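Supplied in structure tokens, the structure appears directly below.
When the chains are written out, they are named A, B, C and D in that same order, and each has its own residue count from 1.
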Amino acid sequence: MPEAFLDNSLWRNIYCVLAGDSSTCAARDYSSGFFPAGMEWLAFLVSAAIIIFLIVNAVLGGVIVLIWGERRLFGRFQSRTGPNRWGPFGTLTSVADAVKTMFKEDLVPAEADKILFNLAPVLIAAPALTVFAIIPWGVGTYVADLNIGVLFIMAITSLTTLSVLTAAWSSANRIAILSALRSVALLISYEIPMALALVGVIMLAGSMSLGDIIAAQGIPFIIVQPLAFFVFFIAAMAEMARAPFDLTEAESELAAGYLNDYASMKFGLFFLAEFMAEISTAAIVTTLFLSGWKGFDPIPSHFWFGAKLIFVLFVIIWFRMTLPRLRVDQVLKFAWKGLFELTMINIIVTAVLLAILPNPSTSELWIMAAINWPVAIISIWGVSKLLGTAPYSHPQPDPNAPSYPVGSESIPTDAVLGAEPSNAANQAPQAQQEGGN
Amino acid sequence: MTTPWSGSTLAKAIEAFAPGSVESSAGADVWVKPDSISTVCEGLKSRPEFKFDLLSSLTAVDYIDHFEVVYHLTSLPMNASAVLKAKVGRGRTEASVPSVVPIWRGADYQEREVWDLMGIRFEGHPNHKRIMLWEGYPGHPLRKDYVTYDQSITLSIPDDATEKLGGDE
Amino acid sequence: MIGLGLPRGFLITLKNFVRPPVTEQYPDRHVGLLGAAKEAGMNPVHFLFKRPGDSIKAIAGLATVPVAVTQSSRFRGNEFTFYEDRCTACASCAKYCPLGIIEIASVPGQIDAQEGESYKLEVFDIDIGRCMFCGLCVEACPYDALHMGTDFERSKYVRDELVITKEELFAAPKRPSAFYRPQFEEKRFDPFQETIDDYHNAGRHERPSDEELKRKWVDER
Amino acid sequence: MAVKTQPVTVNLGPQHPSTHGVFRMRVMFDGEEIVDVEPVFGYLHRGSEKLAEERTYTQIVTLTDRMDYVSSMLNNQAYILAVEKLAGIEPSPRGVWLRMIAGELQRIASHLVATGFLLQDLGALGTPLIYSMRERENILDLFEMLCGARITNSYLRPGGVFMDAPGEFWPALDRGLDDIVRSIDDLETYLSGNEIVFSRTKGTAVLPQELLINASITGPMLRASGVDWDLRHRAPYDYYDRISFERKLHTASDNYARYWVRVQEARESVNIIRQCIDQIEPGPVRPSFDDVPRLIRPPSGDAYAAIEGSKGELGFYLVSDGGIAPYRMHVRSSSLINLTLLRDMLIGGQFGDLFVTFGSVDLNMGEVDR
């Protein structure tokens, strides 16, 4: 049995309480355990089950809190109060919603492919939960520290689109299929800049493991890699289909899109998955760019992680509240023509810097930041110039446009009376005055 | 200030380019013969002394013995307005009038509405269908002789049958 | 300018984020400790020690205080105010109602039967379920007997219960709206605070006294 | 490489979050591109014109409230003007000023609603909508002071209004106007320079001037194409001839221009109301019942009166046979007629722009179907 996992405080504290008699735990000051010696495999299984239970429930509880918090924040952004009736400050509102959702009638459309229709909510919820396995919540608090952590995130989050497509296809609804096609297009387009944006981070850290990336952040990578952060943040917003990229749900166009035919707890699972994706995205951004659980000493690492997470969530909600939605072609164009180039610039610049300063120390990271920021600003400006086809600088009407002739004083109708049509034709232009007052 | 054409002046002016099309005129109104509506409207729109480029409103009134289609025209270049009327369907039979959609596209929905609610056909309308009510709706509600569905049921069914219907409750 | 529009938008939403919400809560408002203390008429510290239970509730965000409606005195509510004594059963209201939902039946009254001035009201039903509160009946009433009311909490489970009868009208609290009744506004009458129970105070025209009626009756002969 | 695709027909509506009421469109898509649109009307048809034939002239005011329920004051105004024209009623000056103030307030409210819903259709999750609805609430509060109702006002009567404004109305109006100007500034900072709004609305659904006029389209849609046609200026009704105001014109005639014109018109309406406040004179607000009785019996004949409504030329055509009820009432509803070019605007566009274009027409189903 590998012993490296005992470095993880979450595992150690549960496993060694169960199987403290083993030599490996005794070496770490655990005197006695619940299971006798030789039963380490059972202790391992039980502690794994406990950890899964803890993480799943923590995430679901977090989702409930997030739904409440998001609605409160929505309210404040829109100068409303938000939910405040049920429970202290309305905190029980989302609990009540959850209960209501569970007790609603579960409808399945007659034309639907029943098996796939029921499978899709599970397919969307499972990967959304799986991502949380590798997120380090604090010092040594994680389920697993994969050495391909970043790849794992990319792979798992892509599964969402598969389940969206499954849901749309199985519900046999044209609007849902339109929405699913948008979802696939979004995924294919944004997966690439998202992955490429992370290349810079991986190059700096020299590893794909999230633990190593946090360790490498002498200063948060948002300062060293502004361009990568910019691209990653936007791509992540698009990946989880939140405004301004909420094309798949597009309330005002598709009226919930692929969710159209779902009711009851199946809908609830989609809803949960969406908010879990929001939390996991915020956690990944925190880990990769805001130096994860790192902070100043007297305050514990979990607090630092939580505070950064909440801040990122706030920014995501702020974005969602402020920006209108982009159109599909604009979104795709933005990914391929804008973000893709930015990531390429970022990779090249980072590679050059790393060739000059291999294995950068903290002060060398500051030097890199000093170079990266001007590069980021200039390249963002340049790319937006390339992308911007509409003349943004002229919201005012064009003074040279032709104006339709509108007479201010009406012609004396007697002038036409009895006159020959040819004469009237001559008179008419005199009577009409162009656009005067 | 938009000046309305007086009926008699407009009638003379119309007669000048489309002889024999005016039926009568009074006040601000000119009654045009239904079959010459197209010619008159085309002239009013395109001729330089009128330039009625905006069809403000198109509607119809049921005067029991005939229907009257009313056109309110506005000229933006001249800042003038005029009222054209056409008496159609005398004796309530086969009320129809040429469509002005080829001249003013603004007449599209208005003519469909008049057909739907008043039952006047517009010959040559590109999409001559009901607009507010569904296809197969019985009758045209804005006609004065229209009997509502409920009324028609109670009128047509004899009393004992009505009682039988009511007795099911 | 490229790129400055979006940040400006973010600043506007942030500005609205920090300004107090405009929501008006009804029928009660959630208050914190300060609000609860103010409602109880104590200073917060005093409140905290004197009533610890309520204080904990207030801190937990569970304390509520009732909200007074802030509405114009011309508000057309759905509970009418009716002064039977002023009514002559002329049925102007019923005639003027666009929907014909006021039902009136009257018999010659006992009081002034010989003058023919007064009729006793037998039925006076208003079908609120179909009423659209246009106020034309109130406008039509020549003796200011019928007024729009200012109460509005009249939801029922059965449609038939939406019909307001004469008895119900007469028993209801008399909070007439100032809609089409300028005399209330001149008197600065606030229907949300006070009531007018005496019908003499509710109209423009006072009902003529018996002597006056008699004199008029005799003089005109 | 050409991908072989097959168009798909989708039914949007009658219940859809963005159809501004109950409206249905059968849309044929080729991918995201709109190939064909067929609008289906009538889900809110209540037969107002038929109902009017058995109601007295005053009672019909309540029907007009319910046609375009976001600008009922303007509906009242158009209807009352037609009645006055038909019956030859000379309105009381103070009543006219009051109904002009009410009408312009209603125009601001209507334009705010149009702007808010346009942005909602653009996908902003309610924020601009709620900002504009918040300002509209203040206007509705003013209406409640005037007539006791917020939406279905029925404030106007033949010859004026039914009741003078209360004393507290005037200071509240002053405050409200300042607030409106401030909030329009905010709204413009928030949206008029927003790149996403730009890129979504610029150059979409462009309509040439000649086509607009030929299709009888009036109001902000026409002015967004650069045609200086505003009935308040060209055919002044009430006392608009005593008021100087600017007609805001845009030339692009796209969705952005229509949005821009509405915002600027709301600003201009504040200006008009300020002039009305300066010029309002004391006096009765409606003629005495000897001059204008409750039951009006206009002489036989017909009358058409139109005002510049919030959505375009709003006209009422009344025919009288000398009785207490109109023989025929017809509403020239700007919402319905402004939809004439819907197909031209939508076909060839993107699905994402469908409801934006639809919202930029600024229609109200209560007025389309009546």
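In the analysis below, a contact is a pair of C-beta atoms (placed from the backbone, for glycine too) under 8 Å apart; a residue touches a chain by one contact, two chains touch by 3 or more.
Remember, predicted model here, so these are calculated numbers, not experimental data.
S.K.: Work out the mean Cα position per chain and let me know which chain is farthest from subunit C.
M.R.: A
S.K.: Quick one: most central chain, C-alpha centroids?
M.R.: Looking at where each chain's C-alpha mean falls, the closest to the middle is D.
S.K.: Averaged over CA atoms, how far is the centre of subunit B from the centre of subunit D? Could you give it in whole Å?
M.R.: Here the centre of subunit D sits 25 Å away from the centre of subunit B.
S.K.: Just give me the whole-number Å value for how far the CA centre of subunit C lies from that of subunit D.
M.R.: 31
S.K.: Need the CA-centroid distance for the pair subunit A / subunit D, whole Å please.
M.R.: That pair's centroid distance is 40 Å.
S.K.: CA centre of subunit B versus CA centre of subunit C: separation in Å?
M.R.: 47
S.K.: In subunit B, which residues are in touch with two or more of the other chains?
M.R.: Only 1-2, 76, 79 qualify.
S.K.: Tell me, which residues of subunit D touch at least two other chains?
M.R.: Answer for subunit D, listing residues that touch two or more other chains: 127, 131, 134, 193-198, 213, 227, 229, 234.
S.K.: List, in ascending order, every residue of subunit A touching at least 2 other chains.
M.R.: 77-80, 321-323, 388, 392, 404, 406, 408
S.K.: Show which residues of subunit D lie in contact with subunit A when the two form their complex.
M.R.: Subunit D residues touching subunit A: 8-10, 16-18, 29, 31-32, 119-127, 130-131, 134, 192-200, 202-203, 209-210, 213, 225-229, 234, 249-252, 256-257, 260, 350-355.
S.K.: Using the touch rule from the top, collect the residues of subunit B that touch subunit D in their complex.
M.R.: Touch residues, subunit B against subunit D: 1-2, 27, 53-57, 59, 61-62, 70, 72, 76, 79, 81, 83, 104-110, 113, 117, 131-134, 141-142.
S.K.: Quick one: which bits of subunit C touch subunit A in the complex? Just the residue numbers, please.
M.R.: Residues 1-3, 5-6, 9-10, 12-14, 16-17, 19-23, 25, 30, 60-62.
S.K.: What part of subunit A is in contact with subunit D in the complex they form?
M.R.: Listed in rising order, the residues are 74, 77-80, 174-175, 178, 181-182, 243-244, 246-247, 250-253, 255, 320-330, 388, 390, 392, 395, 397-398, 401-404, 406, 408, 435.
S.K.: Provide the residue numbers of subunit B that touch subunit A in the complex, in ascending order.
M.R.: 1-3, 5-6, 9-10, 12-13, 16-17, 47-51, 75-80
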